[in-house]
Every structure is written in structure tokens, then in C-alpha cells.
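First chain A sits with chain B, and in the next complex the same chain sits with chain C.
Up next, the complex of A and B:
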């Protein structure tokens, strides 16, 4: 029972405080305890999970987001068609090429601009490079939450080679701002191709054998992750999972294959799926996609055509709408772009895969042990940049 | 034993002297960082260079800037009417201003491979004063003024010639 105080029209209900001691403490231990998993947790990133635990068992989980909200969708409305890319790419800094490609394709659809073939191929190379960079961090951080930090360092060594290639191409390592509506901003030099090939060589010859020997099929890792956070095929579709998390449940959904964009229609690759649907399967999907992406880069470099890399994009774009999906590193990223005939976008709505994955957490984390919370969280492969946008 | 130790003393002393002299001439463990070693690629996006004599004052760079950090400062002459000034602490070094610049073959605003940008002390006041300004602005203005004077002289001469011709025609009539 609470006592109520009426002041200035408001009613405050204050719970009675009661000192607990002696035998009553035993009763308190049986009560639910709310834990704040994050914002300060090393694995959580800038978000908080409210975790209610009964002893060691998780009863309920409630994600609390909004710590890195930057209003990217609103900021795009104040930009021109070209320079909106700097806001779009900051959805997530790790794979910035995927988001820029999606936005550019949407803008080209409205304007009716056809991109030269060379630009398509360069976009493909960059997108796959971004995917590899992102997957490397995903692999490293998954094993990292289990307490082993060596794979993250190995992954960062391999990632550095790709960042070198991006720096040669665009002048920046992370926020490259290199894909614009109408093509790509820079001509791919010989040095860029060379650096990209050396990066892929390092990945295939050094990283993959060494990492695969130790951290794939690892018995300790399997004990922690096999059978944890299981999602069936039907339930995965209902929950609206995206990307590697969806493919690990046996749904072969890949925008690159289903609705080919850029140069993916002309390249040969396969969609990786696993049937188990647990944390370990999601980890393996990321691992095998990494190997597949390296092959795509090699094919795209071989088939790189001659010609222009950029066409002129009009300053004013006719009124219209476009919805474009791209297969980003973390799943299907949707762009709903609206033009009202002005010099910049009227509205941009981004549908982010990590946001979709986040709301599967409350169901997946029911009746698991507290130690499984970081494993499930890391296996869903989320980025806080595109949860909040 | 003591005698032996005393005998060994000069040997140890010489050993120490040799060690110190070696350390003096050995390469240092730490080096000054800006002299070498940092890679700058072909398209490195660093400090801006603005050339006032090339600028035509179209303000395309200011319109292309996504963070509105480029300000067009009026010069007082007709060409260029205004030159860009970049507020460096707001700039995100995306290089879109360089893409937008229409001057050919050399761009008037350019991102160079100069990466050393030091503000000391790094207070807000100092940072807001950290601005990339156009090079040779005064020379360019003087040049433009001279050109304007020349043009005006030519115009006046042409006017005079016209008037004279008109007067001659009237006289002939």
C-alpha cells in the first residue's frame, strides 16, 4: 500500500520503505533482481539491457537504446543530393560502403540516371571490402565476449590491410565518402587494386588458415555457444531477423542474390545458410561469408571493365519515390527516399537490420543463464550506429 | 678474495665506460615523429589550400559543403567577388568542395597531403579562430584592381572614340 500526496494537481505514489534484516533477507533473495547490462559493460557498447534475473536465470530482458541517436534521417533533409552521403555513411562507420550504395541507387532510380558499368564493379569491390572489414570485427568481438581477446587482435591485423586499400582509394580509412549518386568519386588506380589484392591474399593465405585452425570447431567455444539462443526457421521470419542471424536459421535470404544490384548479378557466389539457428551457427555464417566475400572481390577485380567511373547527376531531381534494399554487412538495409523536385532529399527513411535484430532479444533471452546474455547479444551481430541512427 | 676484487675493479670500470660510450652512439629508441614514416597517399584529404588568383568566386564549394563550414568572404573587387574561408574545426575533410570547384585545369580549393594541424592551446576560442584562409589574397586583389582599371580605361577610350565619331558624322552632315 502506498501513501498519496496531492500537490499542485499531481499525485505522487511513494512506496513504503522497509528495513530488511535477518530472516527476511532470504525472501529478498527469491525476489527478482534487475541488473543493468550496459552502458558500461565491455561487450554491450552504447546501449543498456535491463535484465531481470531470478538467481542465475534470466526472466525478462528489456533493451534500452538511444544513447547514440544522431538524427541522421533528419540531417539528410538539409543536404543536397550529393553531399547527403556523409550523413548516410555514418549510420555505421564499419561498413560505410553498403549504406552509401543503397542511398545512391535510390537517388539514381528517382533521377533516372544510369550508372556506368565500371562504377558498378568498383561499388561491388568496395562493398565486399566493407563486408569483410565488418565481419572480421564481428568474429573478433564474438569470441571477445567469451573472454578471449586474441582473435580480435588477429582480425584487426587483417582489417588494417583493407583499410590501407580504402585509404589509397579515397584518402580516408573509415569515413570514406567515396560512393555518390551517379557513380563513384575516384578512379581506381593500379595501386588501389594492388593493395586490395594484397589484402585479400593476406586474408586467404594468412588469416583464414590460422584463425580457422584455432577458433573454428573449437570445443570450448562450442560448449558456450551450441544450442544457445535457438531460433526456428518460422520464428526467425516472424521476428523479422535480418542478415547472418536470419541465414543461420535456414532462410536463404540474400538481397545480392534475390534482387541483384551493382555488379552482383554477373558474379558467381553462393548464399551461406545453416539449419541450427543457434549462436554457433550465426558465428559460422559470418565466418563462411568472409571466405565468400574474398572470392567475390577477386572476381570483380578480374572483370573490371574500362570506361567512365562517374556520370553527371542533376542538381534538381524530379519528384518521386524509391525504395531500395541492399545487402549490408549486417543484413538487409532499406532506403525509402522521397524527392519533391528540390535540390536535396525531401525525406529519407532507413530500415536498419540491427534494429530488427534487437527486438528478437527479449524472446531469445528468456530462461537462459545470465552468462549466455553476452553470447546471444554478440551472436546477433548488431551495430549501435544503425540501431539509433 | 679482496685483493682479487680490487684487481678486477679497473676491468669493470672500463667495461662500464665502453657500455656508456656504446649507448651514446647507438640509435635512439624514440624518434621525432613528423620527420618520416607517416604514409600519405595520393588522395589523402588533409589541410585545404585555397588559391585566390584562381578563384572565380562562384561559391559552389560553400554550397557543396555538407557541414556549412565554408564562408564566402567578399573581397571588394568584381572578380573574384568573394573567396572561400574554411572553418577548420568544423570541417570533416570529405573533399566534396574540391569536387565541386569548376576551375580548370587546377582547382582553386584543394585538399593537400598536409596533415599537421596544430592548435595550441586547444581551447574553444583558439579552435574557432583556426581557419584556412586563401593564399596570396592581397596580390590577387591588387591584380584584379589593376585589371579593372585597365578595363575602365579601355571602356572610356572606346566611349571617347564613339563620341568623336558621332561628332564627326554630325559635322559632315
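Up next, the complex of A and C:
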């Protein structure tokens, strides 16, 4: 990647290596200033955006990634079929259930294993729990880049209840490693269900009214985000946007509805779409999906069948390959898994939604103000672990 | 009391230091309450000494000067800023007898000193020779100049109404009637104060997510503490002016004057903190539009209104 400004057809010349010194500052009006928005920056996370600004206007943005590359796809090749999930779930620690589910379904497809119905339901409950946890942080960090830290604090309180439920279920709060090929790892006890219901109750009765009153339809928030980073429906498809960012542009794409997996086919929920395609629409999509996910969890808990929660998964899986998409919190997550008949995966390719969203940034951040950079960045709802893998 | 004792202890330096530590503590507690957290808790009773501990931590930090920075100016600017804002406090009467200096031009001097702040903060950004600091410095100048005109106009409205610039006389003449007539001027003054002192939602020069910490980015330790404190003092001084001009200063029944002064002041502060906890930051171009197309015309209209009222009253 590097500095692609020379190859991108721009006519101006940027002296990247030149430092700003006091003598030059008087001439800055005629010059472009390169800001390193990232790596060591309060809002960027472990990645860098090279931002060229002309005064307050952003001229060009170039993302520079790779600071949290962990070679997860390669590490999977050294694992067995079951314990590869600990690498898969680390694609992004915020919602790890979606990735584990996708990998497990792909492995089951190759091995020809049929998962018990109860496992499907538990997977659905966990996936939606992970989605809620992720969306809560997404909401908090979107308003957080505008200098208000209240939503994040409120979201973290609601998130704690869900983490409590995960802890009861698997013993871990974040990296649970609880969904494996062949089902789920642990028996869903009554206490887990009880904790999950408590968490959903808290979300629906306390968090959603409190948050909705202050930070949805907030006039200042609208002033900042309506019309910012607009993407049309056609352009969103061309750019390959994923998840809430795609649905906010009016594309009704949701793997849970289009190609149902786990227990989603038997549950009643709707796909949230918005027509505007701007930062505020993306924020509202996350908000409404949060409400929808709580309903899915309630339905899945009501319809939880009796029976086994796990079947035997073979140590050696016959040669073959499978491609599985799951609707992860941040969008459509694809797993291309290949087996050569060994005790572990031969090759795993993860198609990450955040990586797809990242490449919309240079186009969306053209001719915006410097203050819009963090807003657009947060509204695309990316996870850095997922970008680098 | 001797004037120099006043300047040193009450209502001077020591008193103000304690007041600022308490305001800082108060801000953290109110914000924590809005966040549904506890806030400072362990250091001292109810965490009262937490802010003191924080300040001492800053004092013992290493004194770092950037290699590229202009060493003399870089070390000097925080003190210049601090001295400029501390001078503001000398003119504020906290109660009947507690003021350091009283002249016939109190209001004028305070506004003039506040107007002198943007160059200081711009230099703070400029001498750091860092991109973020420089942009922060430019933003400070941009924002303060657009905020100061409504500030001046609304303060002038009060001065026209009372017919004097001396704070003691203004407090003596204030009444419920003056509060009602000057209510629009009060609202404009508070908004302009938030703009001039970079408080949220107008904290554009320090927008953390855009330009790290604006002109404060390269300052650390003692220098940072002094600069940050001078911004707090500026806000305190302008709020005190608001209390004196529009809310009747230290006047009030039963309780002593100084308590009334701080009760009125704390209401303004709670307003600031609640705004900080709930209002996202706005953009520079939006702020400029707001200042020049809404706030300044309103302040002018308000001035005309007050002059009209004054004509009929006198």
C-alpha cells in the first residue's frame, strides 16, 4: 500500500518527509498538511489514516493497516478441528460467537455432521448476545468520537450483564471458546438462561428507554451526522460494504434472513434498513438491530428444545471444502475452509466485513471537514482485529 | 485586611486554589453521576483529595521540552497565560468586603483581558511546532474571536442597564426586575462563555478525536497543569461575571454573601457539566455560522432592547 498518492492521479505534489517548522508556518495556507491520524491517537485504534488536509478540508485519505496482524488464518493450520476455534474467535474479541459459529458450520459441512437442534438454538442465543455486546460498544463509540462519553459508560453497564451470562455459561467473559464443530461446548444450565433473561430485561427496560431518550433524535448529534459520509445504494454495493453500513444505504442484505443458519430460519425477526445512507442512518441501524436482537433472544429462549447439545465430531475429517457466510455483528463474515483429510484444517480464508468497509474510507472522506473524519470512521463500525486478522 | 494578604489568602491565591480543586472534584462527581459511575472515592473522605493528588502527580513529572520547540517561549507561555487569567480574579467581589481591587472599569478590564487570551493560546500551539498543536492554535483564534463579540455585546447590555462598569455598584443596583430584563443577555452571555472558554459542546480546539489535544498536546507535567488551570480560571472568572451582572452577585437572604455567590455559581457549573455529559461537539463551520448568523445578531437586538428599556426607566 504505502504512499499511493503519486499513483492515484492527483495533480498536487506532497512533500511527505518535510517537517513543519516555525519558519514555514506562515506559508501553510498554500500547502497541504499531512496528518497521521492514527496508531498513536486517541480515537484511531491500532491503525493509521494518512490524512492530507488543506486548512480544515480533507483532500485525501489513505488507510495504513497491519498493526495488529496476528496471522490467525495461518495459526489455524497448526490446530486440530476443535481447538482451531480459539484462533477463529480472536478475529475480533467483541463479538466472538459469530466467527466461531461460521467456522463450526463450515467444518460440519465438510465432515457431514448434523448438529442437534438444541445446539442450534444455543448458538443463536449466544450469537445474538454477542451482537448486542458489539452493537452496544458501537453505539457508545460513535457518540464517543463526538466528545461525549456518557453513552459508552451506559453501554458498558448493559454489556456487563451479558458478560455475566457468558461467564456463567463458559467460565470466560470475553474469549469464551464455547461454540465448537459438532454443537456447543457446554450444557446450557438454568442459571445461564436466567442470567441471559436478566440481561435482556435490563437492556429492554433500563438501557433502551434511558439511551433512546437522550441520544436518539439528539439535535446536536443530528447536526453532526446527518448527510455526512453519504453512500448511495448502487455505490454501496459496488464498494462491497457490509453489515449495518450496507443496510443503512437501503440494501436489504442479511445472511440470517437470506441464507438462514443455526435457528434463524425458525425465528421471526425483521431486517433493519434505512434509505439515507449517511452516518446517522448507520447509527440508527445499529440501534434498531439492538432492539431486534433482544427480541430474537427472547424467542430462542422460549423455543429452546430438549435433547443433546453436542454430537461427536470426527478427529479426521474427509477431504473437501466449504464456504460459509454468517451475519456477524459487523456484517457478512465468510469462511472458506479446506480439508485434506487430516486432523486439522488445511487452509482457512476469512473474508472480513471490516476489511471491506475500510476501503470505502478514501472515497467517503473526500472533501469533508477534518472534524468529519472520526465520525465517518466510527459510523462504518469497524473492528481493528477484524481488519488485520 | 491588608491588600497583599487579601491577594495571597482570601479571596486570593490560596482560596482560589482550594476552590478550583473542589470545582474539578465537583465536575468529576457530576459527570460520574451522569455516567452512572461512582467517580473519585478512595483518596480522602468521599474522594475529596483525589484532585489534589492528581495535581501533585502532575507537579512531580519530568519537564519535557520538544526538540523542535522554541525553548524560551515554550516554557514561558503557560505562566503568561496563568498570570493573565489570575488578574481577572482580582476584580471579582465574592462578598461585601472580599475583593482585591475595585476600580470604575471592572467589567471593561475583565473583558479586555479575556480578549487577550487567544494570542496566548495560539502561541502555545505555535511554539510547540507540532501539527496538531498548530491546528489547535488556529482553531482557538477562530473560535474565540467569533465568541467574544456576543460576549462583549451581552455584557455591554448589562453595563448600559446599570449605567456603570463597577461590580460593587452593579450588585447594589441589581434586583428581580433587572434579572428579568437582562434574561436574554444572560443566556447569550452563558453561551458565549462556553464558546470562549472551549467548553463542550464547543471544545473544538481540543477535539480529542480529531487533533489529539489541540494546543495542549505537547505540554506535560507542570506546564500542562498551569495551562489547563488557566483555562479553568478563565471559565470561573466569566461565570463570576455572569453571576454579578445577571444574578445579583452575593445578594441573598439569610445566608452570608459568599455562600450565595457560590450557590449561584454552582448552578452555572452544574449546567455546564450536564451539557458536557449529553451534547456532542459541533463542527468549526457550524460554530462559525452559529456565532455570526445567530448569536451576534441576537446580541445586537438584545442591546437595542435594553437601550430602549433604559430610555423608559430613566
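By definition in this document, the second predicted complex is superposed on the first by the 361 of 389 C-alpha atoms of A that agree within 3 Å, B and C clash if a C-alpha of one lies under 4 Å from a C-alpha of the other, contacts with A are read in each partner's own complex, and residues count from 1 in each chain.
Here is the rule we go by: contacts are C-beta pairs under 8 Å (C-beta built on N, C-alpha and C of every residue); 3 or more make two chains touch, one makes a residue touch a chain.
The structure presented is a predicted model; accordingly, all values stated were derived computationally and were not measured.
Contacts for A:143 in the overlay, against chain B (first) and chain C (second): which applies, first, second, both or neither?
In the superposed model, A:143 contacts chain C only, not chain B.
With both complexes superposed on chain A, which partner does A:168 reach: first (chain B), second (chain C), both or neither?
Only chain B is touched by A:168; chain C is not.
Kindly classify A:94 by the partners it touches after superposition: chain B alone (first), chain C alone (second), both, or neither?
After superposition on chain A, A:94 lies in contact with neither partner.
Now for A:86: first (chain B), second (chain C), both, or neither, which partner does it touch?
First partner only, chain B.
Tell me which partner A:42 touches in the superposition: chain B (first), chain C (second), both or neither.
second
Of the two partners chain B and chain C, indicate the one touching more residues belonging to chain A.
After superposing on chain A, more of chain A is contacted by C.
Check whether A:157 is in contact with chain B, with chain C, with both or with neither, and answer first, second, both or neither.
A:157 sits against chain C, while chain B stays out of touch.
By the touch definition at the top of the document, which applies to A:326: first (chain B), second (chain C), both, or neither?
A:326 contacts neither chain B nor chain C.
Mind working out whether A:191 is in touch with chain B, chain C, both or neither, as first, second, both or neither?
first
Once the two structures are fitted together, what part of chain A is touched by chain B and by chain C alike?
none
Quick check: in the complex, which residue numbers of chain C touch chain A?
Residue list for chain C touching chain A: 34-37, 68, 70, 126-127, 129-132, 134-135, 200-201, 203-204, 207-212, 276-286.
Tell me, which parts of chain A touch chain B in their complex?
79-80, 82-84, 86-87, 167-172, 175, 177, 185-186, 189, 191
Quick one: which bits of chain B touch chain A in the complex? Just the residue numbers, please.
The touching residues are 41-45, 63-67, 92-96, 99, 111.
Residue numbers of chain A touching chain C in their complex, please.
Residues 19-22, 25, 28, 33, 35, 41-43, 53, 56, 143-150, 153-154, 157, 214-215, 218, 220-221, 223-224, 369-374.
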